[in-house]
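Shared chain: subunit A. Partners: subunit B in the first complex, subunit C in the second.
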Partner chain A sequence: MNAEVRAMKTSAEQALAEAYAAAKARLPGNGAVQALREAAFKRFEADGLPNRRIEEWKYTDLRVLMREAKPPAGAPDAAAKARAAEAGKLAGDIDARRIVFVDGAFVPELSDLAALPPGLTVRPMAEALAAGDPRIAAHLGKVIPGDGMVALNTALMRDGALIHVAAGATVERPLHLIFAAAGTQPASVFCRSLVVIEPNARVMLVESHEAAAGHQVNAALELIVGAGAHVDHVKIVAGAGDALHVATLIAAVGARARFNDFSFNIGCGVVRNQLFVRFDGEAALANIGGASLLNGDQHSDTTLVADHKAGGCQSRELFKAVLDGRSRSVFQGRIIVQPGAQQTDAKMMTRALLLSEEAEADSKPELEIFADDVQCGHGATMGSLDRSLKFYLMARGIPEPEAEALLVQAFVGEAVESIEDAGLRDALMEQVAAWLKARGG
Partner chain B sequence: MPAVQETIERVRRIDVDQYKYGFVTDVESEKAPKGLSEDTVRFISAKKGEPEWMLAWRLDAYRRWLTMREPSWARVEYPKIDYQDYYYYSAPKKKALASLDEVDPEILKTYEKLGIPLREQKILAGVVEDKPADPDEDGEARAGSGYSRVAVDAVFDSVSVATTFKEELRKAGVIFMPISEALREHPDLVKKYLGTVVPISDNFFATLNSAVFSDGSFVYVPPGVRCPMELSTYFRINEKNTGQFERTLIIADKGSYVSYLEGCTAPQRDENQLHAAVVELVALDDAEIKYSTVQNWYPGDAEGRGGIYNFVTKRGDCRGRNSKISWTQVETGSAITWKYPSCILRGDNSSGEFYSIAISNGRQQVDSGTKMLHLGKNTSSRIISKGIAAGKSNNTYRGLVTTHRRAKGARNFTNCDSLLIGNQCGAHTVPYIEAKNSSAVIEHEATTSKISEEMLFYCRQRGLSAEEAVALVVNGFVKDVLQQLPMEFAVEAQKLISISLEGSVG
Partner chain C sequence: MLEVKNLHVTVDGKAILKGLDLTVNKGEVHAIMGPNGSGKSTLAYVMAGKPGYEATEGEVLLDGENILEMEPDERAAEGVFLAFQYPLEIPGVATMTFLRTALNAQRKARGQAELSTPEFLKTVREAAAKLEIGQDMLRRGVNVGFSGGEKKRNEILQMALLEPRLCVLDETDSGLDIDALKIVSDGVNRLRSPERAMIVITHYQRLLDHIVPDVVHVLSKGRIVRTGGKELALELEANGYAQYQDEAALAS
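And now, the complex of A and B:
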C-alpha cells in the first residue's frame, strides 16, 4: 500500500522542508556530507512523515502525533545550560564521564573530556563533520540503512558524539551521553552519534535524554561493535508530557561480541524507540531489553529488528510495559534469521501490564526464519495484575496499593535485571518506585 | 545441521508425482465469454435465474471492485493477474439428475478418481442404496464409510452438480442446497444474511467474489436442531483458465449445531487458476458451527509452474450469546494461499477457535492465519496453528487478536509453531495483538525450530527408520489440530500430511 500517490504535505512536513532549506547551508559538513544530507532529505520527502499506512508505523501515526514541526533549536543560552547542568540524574550517581549536549549542541563546560584513557577518542559530531573526520566517511549512514526518520536525522543532524575505542582497550569509566532539550521555546533537535568499538574493546555507554515542554527530539546512534568486543548500552528517556522523542539505535554486532542494550522510558508524551540490530559475525551474544512506565496520554512505541545475518548467535529480547491512565504502548519486534544463519538461538518476550481500564497495549512480535537449524521463539502476554498474587500479599497484611506496587516492581525488575551495572539497576528501580508513588501506590 | 544429500534429492523429486488429483475430466462445458465485465455479471445472474435484487447486488459489487486495488501486504509473490484472461463461469453441459445414468459418466469417473467412496458416488447421483457399501469396493477402506453418513454438495467448476441427503435433511428442518437454488427457493433467508458477515466490498477478492460468485452451499439449521449428519461440499476446478468463485453461507439459528466439511482439488495445469471464495457463518444464541477444511488444490510443479491461487475470505460471526464457531483447516495444496478464517465474537460469552495445519513444499507460498475480534463480554478464543515448511516454500502465519474496550473479561490463547524441513524454506510469524481493556488476558507464544535431533535419535534407537521417526514427530506436532477434525476427515488429512511431506524430511 506504500506505493500510494502521496497526499498533500502536512503542515509539519512543510515546516521540515522549509527548515531544511533554510538550514542546509549552515549545517556542519563538507561536500560529501552535504550530498549525504541532500539524498537523505529526498528520501524522507518521498514518504513524508511515517503514518499508519506504513506497516512499521501502523500503531504510531506521526502525521497525527506530530501535527506541527517545531523550529530547529538555536544555540543554547546560559539559562538552558544552567538547567541542563542538573540533567542526567535519572541514571543515579554512577561514576561516569559526562558528555553533555544542550538543545542539540555540545557544551564543553558541562562535559568531562579531560584526561581520556588511552584508546578512547571522543569528538563532538559537529566538529568531526566540519573537519571531515575519516570515520564519518567510513561509517556514518552506512551501518544499516534506516527508515525515513533516520533519513530526516541525517539531513538535519547538528551535533552528537563521535566515539572511538581502539582494539583491545577497556574503558573503565562509563561514558554518559546527556542530551537535554532545555530551551524555554519549544524546538526541534536533531542529534546524531557514531560509536566505533574496535575488536576486543570494552565500554559502557549510558544515554540520557531529557526534553522540556514542547520539544521534539530526533536522535540516532550508530554503533559498530567489533569482533570480541563487549558493549553495554543503557538509554533513559524522560521529558515533558507534550515532548516528542523519536530515537533510532543502529547496531552492527561482530563475531563473538557481547552486546547488552536496555531502553528505559519514563517520560515524554510520544516516544518511538527504534532498534535495528544486525548480527554480522558468528557466535555473538546479545541481550536487548527495555521497560516503559506510562500514564496520562503517553504513547510509547518500541520497534526492534534483530537481524541474524550470521549463524551461531544468541539473542534474548525482553520488553515490559506498565500502563496507567489512557496511555498506549506498542511493541513491534521482529527476529530475522537469514538464509544460512544456522544455529541461531533467539527468544523474544514482551509483556504489558494494564493498570487502568483505558490503557491500550498493542504488540506485534514477528519471526522471519530462512534457516532450518534454529531455535526461535517469541511470546507475548497482556493483562492486568494477577488477582491471586495480590490476594496473597494482602492476606499477609500488606495494604492494596503497596501490594500492587510490589507486584509492579517485580514485573519491571525482571527486565531491569539484565543491566550489568548494579548502580544503574538500582537507580532505575528507584525511578520505578518514584513512579509508583506518584500514581499513589 | 544442513540437509543431507538424500533429502535434497527427495525434495527435488516430489510434488510433480505426488499430486494424485491432477487429472483432467473431459466434459463438454458451457462457459461465459472470457473476461470480466458487467455483461459477465449479468450473464451469470441470468444463468442462475436470480431475483432482480441479486443482480443489483452483484453489479454494485462489480462497480466497487473496479475502484479497488489488489492487496500486496501478504508475504506472497506472483505475477500480475490478468483478470480478463479468465472464464468466470463454466458449467458441465449435462446437468446431473436423479438417476445415475443421467450424470455425465465423466463426472462420475472424476469423483471415483477423487476417492469419494462408491456409495457416496451413487448418492451423489441421487441413487439411494439400502445396504452399506462394502468398504473394500473402492479399494480404500475409508474409516466410517460403513456407518457414517455425510451429505455432500458437489461443486464442479461453477455449478453444483449434485446434493445428497436433501430429503432426509429437510425432514429435520435443515436446509442444505446450492446457494443458487437457495436464492430461488429461500430468497428471504439468503437476503437476510448474505453479505452481513463479509460485506459486499470487504476486500478486493471478496468483492470480486460478490460480483461473480456462481455457486456454493447454503445451510440453514433451524432453532434447537442438531444437524443429523455431517454436511460437506466438494469443490473441483476442472476447466482451463477458469476461476472458481464459490460462496458459502451457513446460518445456525438459536441453539442449533452443525458440522460442515469442505474439500477441494484441481487438475494439474501449467497456468495458474484462480479461486476466490467467500464463506460466511452466522451463529445465533447458543448455536455452534464447526467448519473444517481440507484444502488440496493443485500446488504447482517443483519449479512453481501452475497451481491454484487460493485467495479466500472466510469469516464467522458469533452474533448470539454463548455461540461458538470453530475453524479447523488442513492446508496442503495451492500455489498461493491467502486465507484468514476469522471470528467476530460479538455475542457475550461467545467463543471462537482456529486450528490450522499448513504444509508447504516445492515453491508453495502460504500466508494464512486468523482474526479473533473480541467485542462481547467474556468472549474467549483459542488459536492453534502449526506450519510446516519444506522444499523452497514460504509459510507465514498472520493473525490478529483484538479486544475491544467493551469486551470485559475477554480471553485469548494463541500458539503458533513452525517446523522447517530443509534449509531453503522460510517460516514466518506475524501476529498482531491489541488489548484495549485491562480485564482482557491475552497470551501468545510461537516457536520455530527443526525437528530435534534428540527426538529422532530416541526414535531411531528404538528401531524406527529415519522416515518413520520424522513421521511420528510430525504427527505429534500436528496432533492438536488433527484431533479437532471430524473422523472422516482426520483420516484423509493424516494421509495428506504424509503425502505432502513424503521424501522431504531430513
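And now, the complex of A and C:
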C-alpha cells in the first residue's frame, strides 16, 4: 500500500509529504488551523505538483522544474540574518517601514514595527496563527479558492505578515515586506501573508523577494481591498539563477476601490507569478501590470485571472517581458466577466521583446464573457527590437548596445509607468539599466 | 571631402544604384534632384549605413577613408549626418535623453569629455530656440506626436548639436509650411561652413531659393545623369525630368 503510493509520487512530492508529516505537529496554529493544513495538504497530494497535464501549468511543469524538494528552512542563523540586512535594495531608497523575514521567519531586529500609526496593525503570521487571531479564522484561505500550490502553502506556511488597516486610515509610509531566503543550505520556504484593508483606507505595500542559490520559495498573499480603499502593491523578485519562486496573489477588490498592482521580476531561475484578482464591488479601478527581464536559462510565468464579479469596474493589465539568452516567458491571462457584471471595461495586453534568437515567449490571453454590455479586449505582441528605430539611434552616433538599451528601457518603461510612486519607478528603471549594462549596454 | 565612386547598391536583391559617381568638396552645398524612385534616399541611406542597403561595388570615401565597412554609429562619429526623409517616432525615449546620449557618444568616440548637465541644457535650449522648438516638444518622446514639420525641425536641431562634417538632407523641405521652410533653411544656412559639406535632396526649387546650392545633380535610375550650377534646378522646374529618364535608359 505504502509502496504503491510512493511509486506514484515524484521524489519531490515524496519529500514534501515527508516534510509535512514531520513538521505538522510543530507548525504554528490552533486546532482549526491544523485542520486547514490537513485539508490543504490532502488537496495538494491529490493532484501532486502541477505539471503540464494541467492546463494552467502547461508551460511551467513543476514536476520537471522542481526535480527535488528542498527541506523546509530552519530558523535563520546569524549569517543568514546578516546577509538579509542588505536585502530589499532593489526598491531603491524609498522611505518605507521594513518588515523582514529571513528563511521564512520574521526577524524583529531587522524590522521596524515601532510606533505604528493609528489604524495600522502588523503582526507576524506565526504569532497570529499560534494566538488564534480572529482575522485568521475570518479570512485565511477564504478570500478566493487558490490552487494546488496555494494549498501546499497553506499546509506548510510558517510565517509572513498579518496586516490590518482600519477603515479610513491612511498609512503614509509604505510597508516594505522583505523576504530573504538567505541560508547557505538550499531550503524551501513557505511564507503566507494576509492583508486586510478596511473601506476607504489607503496604503502602499512593497514586497521584495530575494532568494539565494538553490532555494525554493512558495509565497502566498491574500489581500482584501475594502470599498473605496486605495492600495498600491509592488512586488519585486530577484534571486539566484537556480532559485525557484512560486507566488500567488489573491485579491478581492471592493466597490470604488483603486488597486494598483505591479510585479517586477529581475533574476531568479524559475518564477511562477499567479495573480487571482476578483472584483467584488462595483466601479472599482485596477491597474495590474508587470515586467520581467530574463536571461540565461531563466523561466518566468505570469498567470493572471481578473474575475469581474461586479459590474462597472475598469481593469487594465499590461505585462512585458524582455528575453535574452535561452530564457522563456509565459503569460496566461484570463479576464472573466460574470453574468450581470455589466459595463465592465477590461483591457489586457502582453508584449514580449526577444533579444536573442534562442529565447522563447508564449502568451495565452483569454476572455470569458457572460455579460453583453461590456468593453473587453486583449492583445499580445512578440518580436525583436525594431531595426529601423535602432538604425535611427545609431545614425546619431549611439553605439548598438546603447541604442538597444534605450529601446529596451522605453519598452519596459511603458509598463513601469503604471506604478504611482515615482521613487519606486526610478528604482526599478535603475535595475533595468543595470541589467542592460550587465548584458553589454 | 566626399567621393562616391562607381557605387552600386542593391536593396532586397534589387539593384537601385548602378554606378553612381559624386564628389563634394569642403564648404560646398550640392543639391540632388530626380524623379521619384530614382535612388536619392537609397544614396542617403547607404552613406548612413542603413542595414539592408548593400553596396555591391564601388566606394564612399570621406576624406579618403572608405566608410562603407563602418557601423552607422561609427560613421556618425566620423561626422556623417543624415536628416531623414521620414524621421521616426520613438515612444518612451525622451528627446533630451536621446540628444544627450547621441552627443556624448560622439564626444566619447572622438576622445572628448562628456558635456556637463548645465552645459548640455544650455546648448540644447539655444539651438532649439533658433529653430522655434519649444520646451514642451523637448519633453516628449523622440518625435512622438510631432507634426511633420516639427519632425523636420527636430532633425535640424540634431544636426546643429552634432556638428557633422557631411550633412545629407533628404527632402527636409517636404511637409514644411512657408514659415517653417524659412526657419529650417536658416538653420541649415547657419551650419554652412568652409569645413562642412552638404548634400540637399529635394524636389523643389523653393528650398534652393533659401539654401542656394553650389552644384545641382540630376539622379535618374541609379546614376547621376547631369551636373550643373544652380540654374539647372530652374531648368528642371520648367521642363521636368522626361529627357533625363530617356538618357538614363539609353545609358543603361
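The rule we apply is simple: the second predicted complex is superposed on the first by the 434 of 441 C-alpha atoms of A that agree within 3 Å, B and C clash if a C-alpha of one lies under 4 Å from a C-alpha of the other, contacts with A are read in each partner's own complex, and residues count from 1 in each chain.
Operating definition for what follows: a residue touches a chain if its C-beta (ideal position, glycine included) is under 8 Å from a C-beta of that chain, and two chains touch if they have at least 3 such contacts.
Only a predicted model underlies this, so the values are computations on that prediction, with no experimental measurement involved.
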item: Contacts of A:414 with subunit B and subunit C, given as first, second, both or neither; value: second
item: Touching partner for A:108 - first (subunit B), second (subunit C), both, neither; value: neither
item: Subunit C versus subunit B, contacts on subunit A by residue; value: B
item: Subunit B versus subunit C as contact partner of A:398, first or second or both or neither; value: second
item: Contacts of A:296 with subunit B and subunit C, given as first, second, both or neither; value: neither
item: Touched partner set for A:383, first subunit B, second subunit C, both or neither; value: first
item: Subunit B versus subunit C as contact partner of A:370, first or second or both or neither; value: first
item: Which superposed partner A:361 touches (first subunit B, second subunit C, both, neither); value: first
item: Subunit A residues touching subunit B - in the complex, by the definition given at the top; value: 1, 3, 55, 339-340, 342, 352, 354-384
item: Residue numbers on subunit A that touch subunit C, as the complex places them; value: 387-389, 391-400, 402-403, 406-407, 409-411, 413-414
item: Complex contact set, residues of subunit B against subunit A; value: 1-3, 71-73, 405, 418, 420-450
item: Residue ranges of subunit C in contact with subunit A within the complex; value: 48-51, 71-73, 75-77, 81-82, 84, 87-88, 90-93, 97-98, 101-103, 105-106, 109, 141, 158, 162
